[in-house]
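In what comes next, chain A is part of two complexes: it sits with chain B in the first one and with chain C in the second one.
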Partner chain A sequence: MQNIIEVANITYAYPRTDIPALNNISFSVPQGQFVAIIGPTGAGKSTLCYCFNGAVPRLFGGEMSGSVVVAGKDTYENEIPVMAQHVGLVVQNARNQLFNVNVQCEIAFGCENLGFPRQKIIQNLHDALTFVGLQGYENRQPTALSGGQQQRVAIACVLAMEPDVLVLDEPTSELDPIGSEQVMETITRLNRSLGKTVILVSHDTEFIAQFADRVLVINDGSLVLDGSPREVFSKADLLSSCRIRPPQVCQLSYELRKKGFPITDIPITIDEAVTLYEGLQHG
Partner chain B sequence: MSKSLVVYFPGQTFFHKLDPRTKIIFMVLVSTVIFAVQDLYLSAFILAVMVILWMVARLPVAIVYGFLKALLPVFAFLFIVQALLYPGVTPIIKPLIPSFIPWIGGMGQINLEGILFAVLLMFRLLAMVILLPLVSMTTPVHILALGMVRMGLPYRLAYTITAALNMVPILQSEIGVIVDAQKLRAMSTFEKGSIWSKVKSYPVLVTPLVIGAMRRAQSMAVAMDSRAFGAMKTRTYIEDINLRPVDWIFMIASTIGTVGILILATKI
Partner chain C sequence: MADVGYINQDSFLHRLDARTKLILMLAILVVVLVFTDPIYVIAILFLVLGAWKLAKLPLNMVGDIFKYFTGIAVIIFVLQAFFYPGETNLLQISNPIPAIGFSGYITLQGVMYGLALVLRLVVIMTVAPLLVMTTPMSDLMLALVKFKVPYRFAFILTTAMSLFPSIQNRAELIQQAQLCRGVGDFESGNFFVRLRASASILTPLILGAFRDSQILDVAMSSRAFGAPIQRTFLLESHFRQADYIFLAGSCLSLVGAVILRIMHLGVV
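What follows is the complex of A and B.
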């Protein structure tokens, strides 16, 4: 598989700061992978998200070294709008990314900027709205929607621009469980049905354990762990030292293992846990 | 008036359906006329036309009353200034200050001319403040932006203007939130209290507003660039606007009206 994202040795400090927000981070992502980024608050997750389309350092300023290449385009050489054709970024606060009068304008905005023909914009608008399950919301005011609906509009906005990669920064952190579930379901379909490469920053480790292909753990600006959900969520000590809450089934298994239960592979989903504990009971 | 004056007020009226370019040209013509005309009757006529259009567009008349109420202190101020300083020949009230007092003696005489001048200014002000909402409330901002672009304005500039219009209701709702938050902390001066205490409480209101706006400006810049704002020279538009015959008729009529009034104004 070809790598759609190549991040090589990036180190970055915001203007007027001494400690770098990102510290020598490298990784590459093959096309179609679902990558989750986890880490404590202030770890640099959002900063890393801004790197994918060059908002860091272009808009924020500051010192940066290393390189970020997405779909063959280097963020040093290409301006944000050019990168935006390949990377759709949904920033952390949905309210701030909805600034048009209605949902239709909001979703058309990116396509219009890219100069898509009118007919194609209408088609993409329709497809994106259908995809996020908000048909009939064209004339609604984006800021008057529920938090979950706003997030889904924000996803539709970047989806309509036909990017290869979608970067979503904590899309569910401010949502109630139902809104959260709808957004996560949408994100899963982005990856599974549309084959988009997804980079998701989230604290929802239960969801990540179930759906992500790979987890990057960021702490203090450094990439401290990079592996499958199974590998990452098995490392109880490292996660707790990074103040990351693993899925509850993992926590339970850590505790049981401490008590002497013969658990070799930590289960990361409920189903796995059920199978394991049935085995323990019968064995 | 809690509702914002720049927010689109949906409707299907003839005025709503005019092309944004027609309305922009109309706005320019009317502003010129209001600015140029110094005659009481002509100004009354212009104001009347504006009010009639306001009603044709089925916009809430309460807003006009609101303007009138808001302008009353201005009117009172003008009235007093005019009364004191305007050189008139038709006294209605004798000088308040006896003429033997040096410098200010003889002032305070209220003349008919002074009153008429104040009324004239009032008409012109009112016509002017009705004009903007008459256009902005009958045209969605993105259509207005498209109109400006088609008239040759760079897209970035047109978008900035309309985004500013769009920010007004957001800031208004934010002011509401801050006022409520401060009220919870037992600050009540926004509603009652003397004017001076209101003035003193402004930093409490403005500081969070400005900080919030600045934070939002940065994440908005990120969000806008991430959606390729300003990417292409040939931006496309999902909406389309067309000048229909009614637009041409309206434009020609407004031009004739403008020229006519200007000619009349120079003759008077």
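What follows is the complex of A and C.
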């Protein structure tokens, strides 16, 4: 499969600091993969997200080396609006990324900037709103929506621009459980139904264990682990040294293993755990 | 972000194209500046207030506008009444003071001109809300773009206007938060005490605005704002019959005003 993202040896420091926020990070992502990025607060996850469309270093300044290429476009050579055709970015704070008078204008904004014909904008607007389950909200004021709805509008906004990759930086960190669930469900469908490449930063390791194809662990600006959810969540010691909370079923299994239970493969979802514990009871 | 000031109603003014409304507003402003006779200006003011009524806008807002304006109006009126070089003396109040250009008399022309000037300002202040309250910000932006205002500029202008309510909200939130922490009593105390208290609102407000503006910058660029591509628009605007009638009316009143002025009518 062809790689849609190529990140090579990026090191980056924000202005007025010598400590790099990102330290020699390299990885590539094949098209259609669902990649989760986890790590403690301040590890550099958001900074990494901003690299994909060139907001780092173009908007934030600072020193950067290495290269980021998305859909064959190098962020050094292409301005953010050009990268935006390939990378859709949804940031943590839902409210601050919505700035139009109503949902319809909000979603059309990106398409208009990309010069889509009017008919196509109408079609994409309709499709995007249907996809995120907010039909009939066209004339609502974005600031008057709930946090979860705002975040889904934000997803619809980038989706309507038809990007290859969607980068979501902690989209549920400020949401209530129901809002989070709706947003996460939408993100899953982006990948599963539409085949979009998804980069998701989240602390929701339960969700990641269930839906992500691959997990990147970032700590102190470095990529410390890169593997499938099973590989990553089996490494109890490393996760705890990075102050990352693994899924609860994993935590339970670590403890059981310490107590001498014969657990070789750490379960990462509830279903797997149920099978394992039933086996332990009967065995 | 909100549609600042927009009042959702169904009226002839709401249905007019934003371009027509902009031109109409400009025509009224020019006409009102042509005349210096208060009678003419009052006639225009009544026209504008009639439009408020027809557009189903709350007339008590006009009262609010007057309330804020009274102080300035009095100053303008008094200055004109005293210093306008008129011919018909009404009242002598002192000997001539050439140093400040005061003739010593209050003249009829001065009073009339002062009155006209105040009324002109009233017209200007009641016309502007007429546009803002009947036009969604998105339509206004489109109208500016159709008038060849660069999109970037039109967007920044309308976005900045629609930012006001959210800044106000944030200021109120900060005030409440500061009160909870026992910082500042914003209502009492002398001027300096209140000034100090307001700093506890303004500092977080301004710093927060800077931080937000960076996120906004990221969000806007991420949605291809400023892409080197010919921009398209979802919203469309079309002139209807009513628009042509109002545009013709605007042109006729402009021409009419100029003719009256040439005939020395409507001037003090």
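As a working rule, the second predicted complex is superposed on the first by the 283 of 283 C-alpha atoms of A that agree within 3 Å, B and C clash if a C-alpha of one lies under 4 Å from a C-alpha of the other, contacts with A are read in each partner's own complex, and residues count from 1 in each chain.
The definition used in the following text is that contacts are C-beta pairs under 8 Å (C-beta built on N, C-alpha and C of every residue); 3 or more make two chains touch, one makes a residue touch a chain.
Please read these numbers as outputs of a predicted model, since none were measured by experiment.
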Task: Consider chain A as the common anchor and indicate whether chain B and chain C clash or fit when overlaid.
output: clash
Field: First, second, both or neither for A:F109, with chain B first and chain C second
entry: both
Query: Regarding the shared-chain residue A:F261, is it in contact with chain B (first), chain C (second), both, or neither?
result: neither
Query: With the two structures laid over each other on chain A, which partner does A:P142 touch: chain B (first), chain C (second), both, or neither?
result: second
Field: Touched partner set for A:Y76, first chain B, second chain C, both or neither
entry: neither
Statement: The intersection of the chain A residues contacting chain B with those contacting chain C is 50, 53, 55, 58-59, 79-82, 84-85, 87-89, 91, 93, 96-97, 99-102, 104-105, 108-118, 121-122, 125, 143, 157-158, 161
Interfacial residue positions of chain C with respect to chain A in the complex: 1-3, 136-138, 159, 162, 166, 212, 214-236
Query: Touching chain C in the complex: which residues of chain A?
result: 50, 53, 55, 58-60, 79-82, 84-85, 87-89, 91, 93, 96-102, 104-105, 108-118, 121-122, 125, 141-143, 157-158, 161
- line: The answer for chain B against chain A in the complex is residues 8, 140-142, 163, 166, 170, 216, 218-232, 234-238, 240
- request: Provide the residue numbers of chain A that touch chain B in the complex, in ascending order.
  value: 50, 53, 55, 58-59, 79-82, 84-85, 87-89, 91-93, 96-97, 99-102, 104-105, 108-118, 121-122, 125, 143, 157-158, 161
